[in-house]
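Multiple structures are listed underneath, in C-alpha cells.
Across the two complexes that follow, chain A remains constant while its partner is chain B and subsequently chain C.
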Partner chain A sequence: MAAELVLFVILAVVAVATAVAVVVSKNPVYAVLFLVINFFALAMFYIVLAAQFIAFLQILIYAGAIMVLFLFVVMMLNLTGAIENVQDRLPLQRRAAVVLALVLIVEAGVIATTGAFRQAAVPAPVGGNFGTSGPIGAKLFSDYLLPFELTSVLLLIAMVGSVVLTRRRTD
Partner chain B sequence: MLPASYYVALSAVLFTIGVVGVLIRRNPLIMFMSIELMLNAANLAFVTFARYQRSLDGHVFVFIVMTVAAAEVAVGLGIIVAIFRQRGDINIDDLNLMKW
Partner chain C sequence: METEALLSGEMREYAIYFVVKLILTILVFTLWMLMVPFLIWAERKVVADIQIRLGPNRVGPYGVLQPIADAIKLVFKEDITPALADRWIYTLAPAMLMVPAFLALAVIPIGGAIHIGPRSFAIQIMGFYKGPGLYVPELDAGILLVLALSSLGVYGIVLSGWSSANKYSLLGGMRSSAQMISYELPLGVALVGALLLAGTLRLDGLVQAQAARGIWFIIPQFLGFVVFLLSGTAEVNRAPFDLPEAEQELIGGYHTEYSSFRFAMFYMAEYINMVTISAVAVTFFIGGYRLFANGFAWIQPIWFALKLVAVLYFLMWVRGTFPRVRFDQLMRMGWKASLPIALFNLLITAVALTFFPRSNTLVLSIASPVLAVVGFFALSYVIAERLARLTRERPRRATERCGAEVR
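The block that comes next holds the complex of A and B.
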C-alpha cells in the first residue's frame, strides 16, 4: 500500500506538472515534448492498473505516431509566439475559463470523495492475462466487431480527407 | 490497491487542465494538444474502471478513443496546414468565415 501510494504520487506529480507545462509553454515544440512525457506517465499508470496492452498502445500510437505528426506540423508552420501577441478579442473568456476550471475541480472532488468510488478500495485480483492482447482481441472480434470495423472506415476517411486538404491546387 | 477515487480525481484534474488550455490559448496547435490531454484523461478513467470492475470493455473503449484521436489529429492538422497556406498566419480569432 505504501509503496503503491509513493509510486502514484510521483507519477501523478509528473503527469500534472507536464500537463500544466503543455498549456503554459510559449514554444509549441516544448509543449509537444512535455506532452510526450505526460503520455509516458499515463502509460505507467496503465501498467499499474493491469492494462499492459493499452500501455504499449499508448506509447506506440500516442507518443510515437501522433506526436511525430504534431512535431512535423509545428516545425513546418513555425508559429512560435507570433499569434499570442495579438490583442485578445475575448477578454472575458480567460475569466470564464478560471471559473469553469474551479467548478469542474470542485465537482470532481465531491464526486470522487463522496460517491461509490471510495468503497472499492480492495478490488478482486485479476488473472495473469487480464490486460494482454489476447483477451482484448477476442472481445474486439466478438462483442465489439461492428465498432471495430467502423474504426477502419473512420481511419480511411481521415486519411483521404487529410490528403485532399493538404494537396496543392495546380490549376 | 489504492481506492479508485485517487485515479478518478487525477483524471478529473488532467481533464480540467485540458479544458483550460483550450479556453485560454490562441495557438491552434496548443489547443489541439489540450484536446489530446482531455482524451487521455478520459482514457485513464476508462482503464481505472476496467480494473476495478474486472471487465475488459474499458480497454476496448480506450482502443477506439485512440483511433478517433489519430483520425482527429490527422484531419485537424491538415486543416491547420491548409489555412496557413491560404492566409499566411493562423489566428484563431480571425477564422470566423463560417459564422452566421
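The block that comes next holds the complex of A and C.
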C-alpha cells in the first residue's frame, strides 16, 4: 500500500506538471510533447489500477497514433511565429474557465474535507486477471455489445466522412 | 514467530525473483546489444556479396572488427549541433528512437521454461516466473506493447527532422511519419489472423499454440506473413522503403545534421528495429523458439537464433536486390495492397475458424491464401472498372458543362 502511494504521488506530480506545461508552452511542438508525457503518466495510472490492457491501448492509440498526427499538423502549420500575436476569438471562454476552475476547486475541497474521499478510497480487491484482454473482450462482446457495435458504426461514419471531405472534385 | 518466518520467507522469494529477473535481463539485453555490431558487419558482407564486391575485409579476419572500428571513429568525432537547432529536442530525439526500440525486445520469448529446483521461469524478460508461494504470469497482451512501442519510434524520427532546422531533415521526418502511420495498420492487421488461430495475445502463448496445432503459422497465415514482413520493412525504414533517408533526394534525411555518437544511436536503433520485426515474425509465424518437440529448454535460444538469422538474412537479401520505390508507389502499396490483403486474410481466417473450429489447420492453410488472393483481385477489378468508367464519362460531362456555359 505504501509503495502504491509513493508511485501515485510521483505519477500525480508528473501528470499535473505536464498538463500545466501543455497550457503554458509557447512552442506548440513542446505542448504536444508534454501532452505525450501526460498520456504516459495516465497509462501508468491504469497499470497501478491493474488495468494493463487499457494502459497499452492508451500508449498505442493516444501516444502512438493520435499525438503523432497532432505533431504532424502542428509542424505543417508552423505556428511558432503566429502564436505571439494571436487574437482571442472567444473572450467569454476566459471567464468561463475561471468559473469552472473555481467550481472544481470547491468540489475537490468539499470531498477532501468531508471524508467522502476516504470512504471511496478503499476499492474492492480485484481478481488476478482483472483488466487483462480476456475478461475485457468477454464483457465487450456480451454485456456491452450494443455500445461496442455503435462505436464501430460511428468510427465508420467518421472514416467515410473524412474521405468524402478530402476527395478532390472531379466534375 | 511463525508469521515472521513466513514473512521473511516471502521476502526471500521476492528477492530471488528480483535477482533471477535481473540476471535474465542483463543476459538477454547483452545478447540483443551484441546483435547490432554483428548485423552491421553481416549486412555489409551480404550486400557486398550480392553486388559482387568484397565488402569490409581490412579490420580483423573477414573484416569482423569493422563495426568496432566504426564505433570508435564515431565516438571520437566532433558532436555538432546546428546553430538554429532546437537544442533540447535535438539532443533527446535519438534517445526517443532508441529506447522504444530496445524496450520492445523485452517481451520476445527466446526460450521456454527453465526449471531450477522448485522454481521455473521463461527465457523472456517479461515472461512468467514461478516459485514457492509466488507466481508472476507472463505480460498479458505482449504484442500490444510491441506495436505500441514501434509506433512510438516515429517521434524520434519526426522530431530529429524538425529540430535540426534543415529542410532536408524536415522533409525526411515528414515522409517517415506519413510512411510509419500508413504501415502501422497493415502491420497490426497482418498479425491478427495468427492471433485468432492462437487464441491469445501473449507471445509465449503463440509459440505454445503453434506447437499444440503442430503447424507453423507461416503455412495457414502465409499472406499475413508476407504482409507483415513487407509492412515491417516499411515501418523500420529499410531499403527498398528507406525514403526518409533517400540520399539522392534528401542527403541523409532526418539524420542529415547528426554526427558522432548521436548518429551512431540512429544507426543502432535502425538495426534494433529490424531485429524486433524479425523476432516478432519468428514468434508469430515460424514457431518461435521451438523446433520439433518440446526439447531441452537450454538449447531453445539456439533454435530461436537460427530462425532469427534466417529472417534477417532474408531482409538483407531484399535490401540488396530491390531498388528503392517512389513515395507514391509506397503509399499505394500500403493503402491499396497491403491493408486490403491483410483484411481479407483476417476475414477468411475468422470465417474459417467460426465454421470449422475443430478442423485441421491444413484446410485453412490452403483455403486462406487462395481465397484472400482471389478476393483481393476481385475487389481491385471492381474498383478499377468503376474508376475506368468514371474517367470515360468525365470528358463528356466536362464538354457538356462547357457548352452550357458558352451558351
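To be clear about the criterion, the second predicted complex is superposed on the first by the 141 of 171 C-alpha atoms of A that agree within 3 Å, B and C clash if a C-alpha of one lies under 4 Å from a C-alpha of the other, contacts with A are read in each partner's own complex, and residues count from 1 in each chain.
Keep this in mind: contacts are C-beta pairs under 8 Å (C-beta built on N, C-alpha and C of every residue); 3 or more make two chains touch, one makes a residue touch a chain.
Predicted, not measured: the structure shown is a model, and the values here were computed from it.
**Q** As a test of reading the superposition: which chain, chain B or chain C, is in touch with more residues of chain A?
**A** Touched residues of chain A are more numerous for B.
**Q** In the superposed arrangement, which partner chain does A:Leu104 touch: chain B (first), chain C (second), both, or neither?
**A** Only chain B; A:Leu104 stays clear of chain C.
**Q** Quick one: is A:Ala65 in contact with chain B, with chain C, with both, or with neither? Answer first, second, both or neither.
**A** Both partners, chain B and chain C.
**Q** For A:Gln52 in the superposed arrangement: first (chain B), second (chain C), both or neither?
**A** After superposing on A, A:Gln52 lies in contact with chain C but is clear of chain B.
**Q** Quick one: is A:Val36 in contact with chain B, with chain C, with both, or with neither? Answer first, second, both or neither.
**A** Once the two structures are laid over each other on A, A:Val36 reaches chain C alone.
**Q** Touching A:Met75 in the superposition: chain B (first), chain C (second), both, neither?
**A** second
**Q** Is there a shared patch on chain A that both chain B and chain C touch, and which residues make it up?
**A** 53, 57, 65, 69, 76
**Q** Using the touch definition from the top, list the residues of chain A that touch chain C in their complex.
**A** 29, 33, 36, 52-53, 56-57, 59-60, 63-65, 68-69, 71-72, 75-76, 128-129, 132-134, 170-171
**Q** Sort out for me which residues of chain B touch chain A in the complex.
**A** 1-10, 12-21, 23-27, 29-30, 32-34, 36-37, 40, 43-44, 47-48, 50-52, 54, 56-57, 59-60, 62-64, 66-75, 77-82, 84-85, 89-93
**Q** Would you tell me which residues of chain C are touching chain A in their complex?
**A** For chain C paired with chain A, touching residues are 86, 89, 137, 139-141, 144-145, 147-149, 151-152, 154-155, 158-159, 162, 170, 173-174, 177-178, 180-181, 184, 201, 390, 394, 397-398, 401.
**Q** Going by the contact rule set out above, which residues of chain A touch chain B in the complex?
**A** Going by the criterion above, the answer is residues 1, 4-5, 8, 12, 15-16, 19-20, 22-23, 25, 28, 31-32, 35, 38-39, 42, 45-46, 49-51, 53-54, 57-58, 61-62, 65-66, 69-70, 73-74, 76-77, 79, 82-84, 86, 88-90, 93-94, 96-98, 100-101, 104-105, 108-109, 111-113, 115, 117-118, 120-124, 126, 130-131, 135-136, 139-140, 143-144, 147-148, 151, 154-155, 157-159, 161-163, 165-166, 168.
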